[in-house]
Structures are given as C-alpha cells and as structure tokens.
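Okay, got some structures for you below.
Next, two complexes with chain A in common: one pairs it with chain B, the other with chain C.
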Partner chain A sequence: MIKKISLTLTAFCITIIGFAQNNSGEFHGDFDLSMQSYQEDKIIGAEAADEIVLNNAYLNINYTKGNFAAGLRYESYLNALADYDPEFTGNGIPYRYATYRIEGLEITVGNYYEQLGGGLIFRSYEEKGLGIDNAMDGVRLKYSPLKGMNIKTFIGESRTHFTYSDGIFRGFDGEFNLNELLDTENKTRVILGSSFVSRYQKRENLVFKLPQNVGAYAGRLNIIRNGWNYYGEYAYKINDPSNVLVASKMNYASGNAFTQSITFSKRGFGFSAEMHRTDNMIFKSDRDKDGKAYLINYIPTLSKPHAYSLLALYPCATQANGEFGMQFDLFYKLKKKTILGGKYGTKIAFNYSRINGLNGGSSFLNDNTNYTPMLISIKGEGLYFQDINLEVNKKINKRIKTNFVIANQTYNKDLLEGHVPGDYGVLNSTILIADVSYKIKKGHSIRVELQKLNSVQLEDYSEHGGGYANGMEYAAEGDWTMGLIEYTISPHWFFVVQDMYNWGNENLEKKLHYVNLNAGFIKGSNRFSIGYGKKREGIFCVGGVCKLVPSSNGFSLNISSSF
Partner chain B sequence: MKKLFLTIIAIALLSTISISQNRTLPSVDVKTLDGSSINITALENNGKPIVISFWATWCKPCKKELNTIAEVYEDWQDETGVKLVAISIDDTRSMAKVAPYVNASDWDYEVYLDPNGDLKRAMGVSTVPHTFLLNSKKEIVWQHKGYIDGDEDELLEQIEKIEK
Partner chain C sequence: MKKYLALLSTILIITSCDVEEGPFITDFDSYVNPDKKVLIEDFTGHTCPNCPAAARELEAIHAIYGDQIIGMALHVTTGFAAPHTGSGKYEYDFRTKWGTDWDNLFEISNSGLPRGMINRIGVNSETHKLGKDEWASAVALELKKDIDFKIHISSDENEVTIISEVISNVSSDYNLVVCLTESQVINWQKDGQENIEDYEHNHVLRTVLVEESLSSASNLIIGQQIEKIIAFDLAVLEQANIDYSANTAINGSGNAGGWNAENISVIAYIYDNTTKEIVQVEDAHLNN
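For the complex of A and B:
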C-alpha cells in the first residue's frame, strides 16, 4: 500500500511538473470526516463497537491549469462506520486521475465517473452517504467534432471497496443534438442518443456456457418544444447468468428496461408524468458477486425522495429484476394577492407514485422453462409501493414561514426489506407534517417540526394462533410521532433537539423515545457538527439507492471543509 | 529509503506551486434545461458578480435558500447587477422535475443540470446547498456551506463588498 501511495504521489507530481513552471496552477479540494462512538443498547439492538470509536475520512485534492486537471482522493477507514461495508478498511489513495481537453477532445486516464444516457445500462458514481463508489479505472475519451455531436468511449475496471472487480468494461456513447447539427432555429428541439457497453469476464466454469462478453445497449430520444419535454430511453442486456447454480437457477433470459417522461411547465405551473419498467436488468461488475458495490447500472426509483423523517421512514427501492412503476407530479403557485395565495403566494406540490410487480415475475429462460411477462400490467399485480402526498408551502408574513404535508404510503415491507413473505406483509401509513419557522430578529430563527405517522398492517395475522405468521411475536413498529426544534443564528450556529417516539409499538419494550441532540458551527466553507443520540435501525436512501443502517447509540462528530 | 526520496520530491514539487488565491471555475460541462451542453467557464455577467448555488429538488434547505432569494432577487439585481446560477445535482431519479419545479416556483435564475456530479466534484462540493460567489474576473472570492434562515443577508453583504 505504501509503495502504491508513493507511486501515486510521484505520478501526480510528474503530471503537474510541466505546468508548475510558470507558477499559475490552482490547487483546491475538500475534506470530510465522520466519527461516531458506539455504545451498547440492548433494547434497540445497538451494538457497541470493539474500537469504541469508528471513523471515515476523505481528502480530495484537485489541481487545475487551463484545460488540464489532475487530482486524487485519500480515504481513511479506521475502522469504517458501522453502516459501511466492512470491506472498506484501512487507508489508501483509491482515486487519482489526470485529464486534459484540447480542440473538443477530452482525455482522461486513471479514475473517472461516467454515466451513459439515463444510466439504465451503465453508471459509475459515488455517493458517500451510502458508501457507494464504483469509480472506473482506465481510459476515457470524449470528443465533440461538431457542435451538437458528442461522442465518448471508455475502457476500465470498476472499483469495489479498495480493489477492482473482475469485469472489464468497454463503453461507447453518441449524442446528437439535431438542432445544433443542422443549425436550425426550429422551435422543436430533438436530441438522439445511443450507447453500448460490454463487460468481459473470463469463463471459469467448464460445464455452464456463460457468455464471457456481456453486452448491453440503449437508445434515447429527447424532444423539447416550448414548455414541453419528452424523454424516452430503452435498454437491453443479453443473458448474464451467474456461475453459481443456486443464485441464478441458470437463468439465460435477457434483460430490458424502459423509462419515459413527459413534462410541461410555464410560469407558476409545472407538471410531470413518468413511467418505467424493468425486467432482469441487474447489471453487475462481477457476475458472481452480490451487493451494491457491484452494481454498474442505475434504475432510478420512481417515487419522490422525501426529506422529512417520518415520510422517509418506509422508503421505496427499485427492484431492478422486475417492476413496473408510474409517477405524477404537479407544482402550482397560487398567485400573490389572491384569496388563496395571500400576500406572498402559496406553493402547492402534489405527487403520486405507484410501483408493482411484473405479471408472473421477471423473464426466465432455461432448458425447461421459458417465460416472458406482459409488457404492461398494473391491476391485480403485487403492489410494492404507493405514495400519495400533498405539500403546501406558505409564507404568512415577514417572520413566519410554513410547510405542511399530508401523505398516504403503502409499503410492501416483506418485499422491499427482503423478509419472508408473511412476516410483516404490507403497511399502510398516513403521515401529517407541520413545519413552521419563525424569525425572532435579524439572524435568529426558530423552526419547529411536528410529525405523526399512523400505520396499519394490511394483512391481519391474528388468525395464526394469536401471534404473527412465521412465528413473529409482534407486528411491525406501529405508530410514530416526531418533534423537532431548531434554533439557528445566521451565519454561524445551529442547535437541534429532536425526538422520534414509537408510541404505537405493541412490544412495550420497544415503545421508545429516540432522542437526538445536534449542534453545529459553520464559517464560510468550514462546517463542524456534533451530535448525541439513539438512531433507529432503518433504511436510508439517497437518489433511489438504499442501505440498511443499524441502530446505534452514541456521539458523532462531523467536519467538512473545502478550499 | 525510496519512499523518503519520493516524499522529498513530492514536497519539493508541491512547494514550487503557490496555492493560488484567485480560484477560477474548472473547465467542466453541464447540461442546460433544453438538453444542450455548455462549459461552466463560459458563464458571463459582463463584469458583475455571479453567485453559483448547488441545489437539488429533494433538498429542503436548498429550496428554502433559493425561494428566499427569489423574493428579493430583482432588488439584488438592480442594486448590484448580480446573476444567480443554480446548479441542480438531481440525478435521473428527479432530473425531469427540475424544470417544472423551477418554472412553477417563478425563479429567474439560470439553471443547469449536473446529473452525475462532474461539476460538483470539480468544485469540491460534498453536500448541498453550497454557494460560491464570483467577482468581476469570475474568481471565487467567497463560499458557504449549508443554509440557515438569514444566510441570504450575509451573501448580499459579500456581493456588495465586491461591488464597492
């Protein structure tokens, strides 16, 4: 590792040596540290860490000069926070790159992140909050020979924790903006794109005929006219069975997915309608490995990402092996100085989403069976998730701002959390939220959040001899309330007290308060925060990818800074 | 021994480059709401200050910041000539909602998309909101992480400082 670090530093220095002579390059970067202590709490199931304190830290350094850039990221996991994969351990420089662009050509060597189209067949990205970083290591070229024509091609391996997975990826993407290419002033703008990616992984199994090169391609179309915008993408992947018989049941079926969206907006009004369908579309950087670190494509979750705790208590996650979903959004601003709009106008956001399974499950193909589900089927299919929510945002006067949400969510807990069917079944929750901020005087504000979640299990398991199916003694968690008070002093200080109370839990031992205290100091680009409290075990999602966060109890410290 | 040698070289090299006080924008492409690509270095405001604010449709404090500034943006523009550029880091999950949200909210900002975080990484943005202020030479002279009520006043003070 030390040798590797030295070599990286040398390479980094050599790349910049030529540019350093006239003393005009720029260095900048950012630093992030998260430290957490873990104390045992048997009731919530929080485990004490042997190390007492766990710590993650990163430092990014970028050097730029004109069209040249190089950089690296130092990462330290001593040892990784409990919600990270334990494979993240130790220190290293797993990310370093050099890139330059000249006359429309951009060349990158080393690590890079890339997304083809909407990401249905390929997306390499980082999301520190989820412990995801599947950066590529290799070579990438982007070229724009004409205005409106962008092509890119790359080759590389995908990062998994501190190493790289076995698959080698080769990718190509072309995007053509017809209006720019033809130099027309036509009001209708058309953009076409297509992409191809192939993973090579050596066939080691002599018995099964596994494809060594697994290809996937996608085509996309974007049409824009006045306030309207249509985007559609279709993706296809050839058969990609895993080496292990049990894991894939030797499924030689191909995969496919499509996504469509249409939006319209004008001043004060916006609307969007989206749908997607995915069938057997899990694409991994190693055919035999499981886990989020190996995913190399991205099928976004078709539901609204919520920021309020109780709205996000039961979040949706894409089932890339097979689902059909749709989503509608409406944004409206009631005009100022009308009865409903009041002095400042009132903003309304409505969202509806619904995700269900494919008719009869995803495609399947082996020696004995051959199955392809219907293209679109909604009624009567297993419901995975449904969310209906309305948000009203209103400024009352110069001091008071309010935000109210009412929502009803249906959550297939067994399916989305991977429990045995019948463990919990499907939960239906009704959620109410009030969020009010009050400006006390210049710089000083107080904000109060009140949240309430009432949850029912749609199946009744009381017939199973008083307990629940599969020997479960208690139902799901039941009802919650949450309260938060935040006091802020701009531009430097914030103090937060919050309590999540699981008052509806039938298991009286778990009828608990989860109290958290946080305080922070911000000055320009430095931010410090400390916290203490209990966290509930749960699913935490960012951008449609989720991780299971274990329950914890202890102190936390976060420092982030950029220069 | 080799390690020591390399470290010395590294330090020697690094010390030849003074950390520039005048940080500029990196050469990175972002998408416009109508599907074209533009390089962020091409931003222009005729020698007047530019504010770059990173946000997302799922980020409450970001929306609070941009909605608060939207109410006073006209005054800010009249007084200082400032231009606000909002960079959405929404990925394909919520990217389609950016234009409907922006238009429905009546924002007069220039809005760009950074769906895979290329500009975000190049500018050292780890969390949103994160706001940068550029002077007349498009050099970054001030930045701020996060948003709490009242932070817009500090931003305006910083903008006014440039204009003096």
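For the complex of A and C:
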C-alpha cells in the first residue's frame, strides 16, 4: 500500500511542482521531528528500544494559487516513538489532496479531514499527540447555493496507519443560517444543521445478521443572542453489531447521544453549563477492528482540560459506549483597584464536572436480551470521574504574576483505564498548584511551579483478597509532589527543570523521582529543544480521547520549522 | 448542482441503512458458542457390554465439535467395574473414590449403564441421567449457551495452576473441580458378546485434585481472574487409588496403578452449587 501511494504521489508532486514553476502560486509548509532514545529502567518499567533511538517526522507542503490548492504530507516512522501505535512503521506520503473552488462549489479529491456537526456521528481528524490520523481518502463537495446555506457531501475511506479501513463512508451535511437566509437583522441568530453518514462494509457472518450499511443521523441547533449561546445536538446510529460468532456479544441496539450547552459571557464574567449523554455510540471505520485508530466519531469529554502535570495525572476518557455527564464553568474577574481585585484585577475560574455510567449499562438488544437504560440517572450510578476546581489568577505587580489552583478529583481508574474492578479502585485526589512568574529584567524571566497531590482510595475490595490496601490487586501510586523551574531568555532560549516525586507510592521501590531537563532555542520559525528524563507510565488525553503512554527513560530531540 | 446535491442526499438517506429485525441469528440449529465447552461424564464399566457403544458415541460427538467436547469415563458399580481377580481378564480396577461418590450422589447406575451426564444438566428435575442416544441433542443445546467463565490451565507433573476468568458479572455460588484423567489405557473391555483384551480406554478418571468453592466473594466481577495452584505428587495419588481399590472398594484388588503421565490430562470445571450444572470446563495435557 505504501509503495502504491508513493508512486501515485510522486507523479502528483511532479505535476504540482511543474505547475507551480510556470505560475505564481505560493508554497507553504511545516516540518516536525521528534526523536527519543529509550534506555532500560526496570524500576519504572521502561524498556530499551532495540533501535536505541526512535523517530517520528512529518513534512507538510501546501501549494495555493487563487482558488486552487494542493498539498501533501510526508511521514517517517523509523521506527515510531514508543507511545505510538507500532502499526506506524516506515516512510510514506499518506496524505495528498487537490482542491479548487468555483462559483460557490468546492471540490476536493484525495485526502481531507471532515467533521459533521460536533462530531457525534463523524469526525475525521489528525491529533499527533494521540497518534490519531483518520484522514479520509475520496471525494468531497461543498456547495453554498444561497447565502446562509452550506451543503457538503463526501465519499471515502478512512485512513488507519499506512492503509485504509474496510468501511466506505458516504456523508451529507446541511447547515442553514436562518438570519442570512431570511436576510433579517434580528439580534437572535439561529443556525440549524443536520447530517447523515453511512458506512458500507461487506457482510461476512454466516451465523448472525449483519447490516452492511450502517447509518447515523444528527441534528443540531445553535441560538445566539447578545452574550448568550445555546448549542444542542442529537445523534442516532442504527444497529451496528460487531462481527463475532458469539450470541452474547452480538448487540443490535441502536445508539444515541445528545449534547447540550448554554454559555453566557460579557466583559469580566462568563458561565457555561453543559451536559451530554451517550449510549452505544462507538462508531468505527471497521466493525471488525478495535482501537482508537478505527474510531470515526467523537464524543468530547465534559471535563476541563488541564495543563498542570498533577491536575492532568488522572484525565477523563470519554466512554462512548455509555455515560452521562455534566459540567459547569464560572469565570469572574474582580475589578481593578478594589480590595480583592488589587491593582490589576483578579481572575477567578470555577469548574465542576461529573460523569457517571448509565443505569444498568448501555443499551443491548439480541435474541435473548432487550435492555434500554433510563434516559437520565445520576444518583446511585457508578461514578466515572468528578472534578471540582478553583483557579485564581493574579498579577501582583509588573514583575510578578501568580496562578493558584485547588482541585478535588475522583477518578475511577479501573473503569477508565480498562482494568478489572479491584485492580486499582477509585481514586480521590486533592491537588494544590502554585505557579509564580517573576520578571528578573528585560528579556529574563523565571517561572516556578509547585504542585502537590494527595490521593485516597474510595473503594473496598477486601473480600476479593488483593494484596494491597483495601484489597486492591496492584499498588496505589498514592501521593505526589512536583516542582518546576523555567528560565526564559526572550526571545531565543528557555531552560526547564522538573521533578515529579511519587513519595506516597504503596510499592516502596516505586517511591521515585521523575526528573526531566529541557532546553530550547527558538529563532524565527525554527524551534529546537532537547531533553532528558524519566516519564511515568500514564494516560494522556486530548478532548477525552486517550492513549496509554509507556514509561520511558532517555534523551529527546524536537525540531519544528515552518515556511 | 443544487438539485444534484439534494437528489444525492435523498438517495443516501433512503438507501444507506440496513436496520436488522430479530431473530438476529440466521441458523439457530447450527449455532455454536465457540467459547462454550461441554463435559460428558460417561458412567461405564469394563464388563458392561453396551458401554463401548457409549464411548464411541462420545468420540463421534467429539469428532463433530472438536475440543469443545471433553469426555470423562467413570467406571462404577461392583457388577460392571469390579476386578475379576485371578480370572486372567478384567483384573484391573478402574474405579475411584470420586467416581463411586458421584455415582451415589447422582444415582446414575441405578438406571443402568451406560449412562451419562451432559454438564450435569437437569439434576434438580431428575432429567440428568441420559442414555447415549440423548447425548448429542443435549450437547447441541449446551453449546448454544452463553458463558460466565473461561478456564485456563497450566500444569506439569508436580503442579497445576487454574485461572478462572470471569466473563460476566455473576452472584451464584460456584465450585471448582480439578481432576486427572488418563487415555490410551490398554486393558480388557467387554464389547457386546466379545471380550476384547487390548481395548483402548480413554478419559478414565484417575483422581480429583480439588473440589472446593471457587471464591469466597459473593459477587464475581467481569474481568476478575481467580487463581488456584495445586501442588501434588503423582505417585502418592496413584498409591491412594491402589489403596482405595485394595481397602475400600467392594471386591477391590489393589490392581489400580500403572499410571502413565504421558497420557494424563487435567480437566477443570466450574459448577453451580445450587443447580449442580457445570457452567464451564476445560482440559489440557498434564505436561503443557
């Protein structure tokens, strides 16, 4: 497949370059290289790489001229970094496209990324941090026949690593901005949308009925007035059983999901309330395969994305198979020159999120079982994740800026990480963060982070006889502290020293320091950084989609550039 | 173009869904749960003239379903299984303490031999004692059932490790039984009117290593793995059988040894303590 794509692309590149040489279009591109050495470290469970050094590299080249654009991406995994799916191996040009627009019609052939509505039924996207790239390969048309009316339709296959999954997707989306369509000046803006996507995959099961064409629908409504913004979307997927030969694993129940949010914002104040529910809404590009590479829809998490290490130690992974969640955010800026606001004002952000399972599990339908959970049930349901956090951001004077966070998180480690109940249990963590920046002199600044996490176990599995506290099968990580010093010499240099200390680990051998050193140089659009350190095994998430990051010990080199 | 897009989307919506209606299974009669295994307990005796026909039926069912069928031959009763000491034939004693106990518990031989139980189905309704011609249909029904456990066996001549993996949340009271059986035992067997000197006895129950509660927990959770390690001395177990034959079994002779570890298998099964139904079974060669 790689050879086939490469040959096609070579011809494609020659055509584009030849075209570009004779015309006055523009080339833009960006490059990224991540190299990491892997040494064995038995205590943290880090394995040495046979290759000593692993490497991921990408180069995007885009050409535009007027209404025409074309581009490609060269990818190199020699071999892929340890936290990547090992299916990413070798070199190739798996992404190439050409597109042009004329009289409201946009035509794209080759690869493209696409999202229908909020992504509940379809999202083709790239997230390098997660090792996800499910780009489509096919044809996409977008058309705007009237002002305020946007229609798009596509057909294609979804990329998985260096090949394409078996499913063929056909999709349609229509979005209607009523204000523009009706040409009204009404302050209330209303945008309606609906979308449909269908996956075709050949039926190959002699024992059970299998739908070859699995369709999913969604409708959405967005109402905006002054500082208010309401967004609601409902999605439905028809029966989509897996292709197995065991009756108990054949689930013919349809899936559904909804998400609702309302936000209000004005200068110095904002709040939002969100809720979502998903039931049996895993939609894959290949019904026979498992893993995030095959997911073709996206259910965003209802929890605040955290950047601080200990706040993000136990992130929430969305359970598309079934969960109910809610989230509330409140932002307020205390005015300048008040008692609490001080000279520069004080920003306060409060966030609460809670995600639990569905009553009795997700919908299930086969010849022996027909179960549908309650629409909304909170009390008494298994808690997946809860986060209560308060962040205070204050500038003290021209030299000192501070940010403080206090949070309490509950994390069902067994369920969210796919363990057996009683392996690790449910963790409750109280986290304190202090982040202080000090400007030493012009161009020189230092930033210090101090973080502390105290963890307790909420579950008791003593009757199952695990060897650790509360009957758990595996040792609890327990309490952590973290310190970071970052020195920046603008605009070119930065140096970072970080130590995460797992002093509360129940396993005495794992009361370890995870020290990381980083230095970077930035000049123009080129950025270089080198680092050395140990990383603990953990979960890394972006927007509720997560991957397991193995422990590692070694040097790293990152280079990025753009033109 | 607008018309084209509208038409295209309409066609997509109308034609791009295959909503399936039940029944979802296309051929219920031939459906087999590939993870389900069935234990056929064949109560037999070496002087039982009709018993080899039951053994052949067991092998025929095994030939159809392969490794999903696990056989166990239990030689029971004084009349059909006691040794004929000094006669020059039928001098071996295949009986075991456990075979006799289970025969008494389930009252199998009261109905005449050969008889068998298929996963011990029907104990509470007194329909568990099946003639050989009833086995195949009972096996076919059993193989359609969902499973709550998978069993993993690793063993050698000194130790057996059984891992019972919970497949779905269950709250019943279960017992775990681990046995040793031996195949390719060449000895006398009456087959109809013939006395066959070199008959091959297969799946002969030799000993039971353990029969105890699977777990002390009242609820077993999906994904949970329950490990049981049993250390043993094969020679001691063999001697115990010899002693049982010599001292306990009616008309026993003590001629119950000669075990060959090369032909011994481990059979582990889990049964519901209330219904006595065997919900899952697994076997493996002793040296695996």
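Here, the second predicted complex is superposed on the first by the 522 of 563 C-alpha atoms of A that agree within 3 Å, B and C clash if a C-alpha of one lies under 4 Å from a C-alpha of the other, contacts with A are read in each partner's own complex, and residues count from 1 in each chain.
In this text, contacts are C-beta pairs under 8 Å (C-beta built on N, C-alpha and C of every residue); 3 or more make two chains touch, one makes a residue touch a chain.
Everything quoted here is computed from the prediction, not taken from an experiment.
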Quick one: classify A:S490 as touching chain B (first), chain C (second), both or neither. first
If we overlay the two complexes on their shared chain A, which of chain B and chain C does A:P305 touch? Say first, second, both or neither. first
Looking only at chain A, is it chain B or chain C that touches more of its residues? B
Taking the superposition as given, does A:N518 touch the first partner, chain B, the second, chain C, both, or neither? neither
According to the stated criteria, A:S76 is in contact with first (chain B), second (chain C), both, or neither; which is it? neither
First, second, both or neither for A:F271, with chain B first and chain C second: first
What is the contact status of A:M250 with respect to chain B (first) and chain C (second): first, second, both, or neither? second
Quick check for you: in the superposed arrangement, does A:G443 touch first (chain B), second (chain C), both or neither? first
Do chain B and chain C land on any of the same chain A residues, and which? none
Counting only contacts in the complex, chain A reaches chain B at residues 2-3, 6-7, 9-10, 12-13, 16-17, 20-21, 23-30, 32, 60, 62-64, 66-67, 69, 101, 113-115, 118-119, 123, 125-126, 128, 150, 177, 180, 189, 191, 222, 224, 227, 229, 231, 259, 261, 263-272, 274, 298, 300-301, 304-307, 329, 331-333, 344-345, 347, 393, 401, 437, 439, 442-445, 447, 488-491, 494, 522, 524-527, 543-544, 560, 562-563
In the complex, the residues of chain A that touch chain C are 105, 141, 143, 145, 151, 153, 170, 172, 174, 196, 198, 200, 206-215, 238-239, 241, 245-248, 250, 252, 365-368, 419-422, 463-465
In the complex with chain A, residue positions of chain B that touch it: 2-3, 6-7, 9-10, 13-14, 16-20, 22-24, 26-27, 34-37, 58-60, 64, 67, 71, 91-94, 96-97, 99-106, 115-118, 121-127, 130, 142-146, 148-151, 153-154
List of chain C residues in touch with chain A within their complex: 1-2, 5, 8-9, 12-13, 15-20, 22-27, 30-31, 33-35, 144, 146-147, 168, 215-218, 221-225
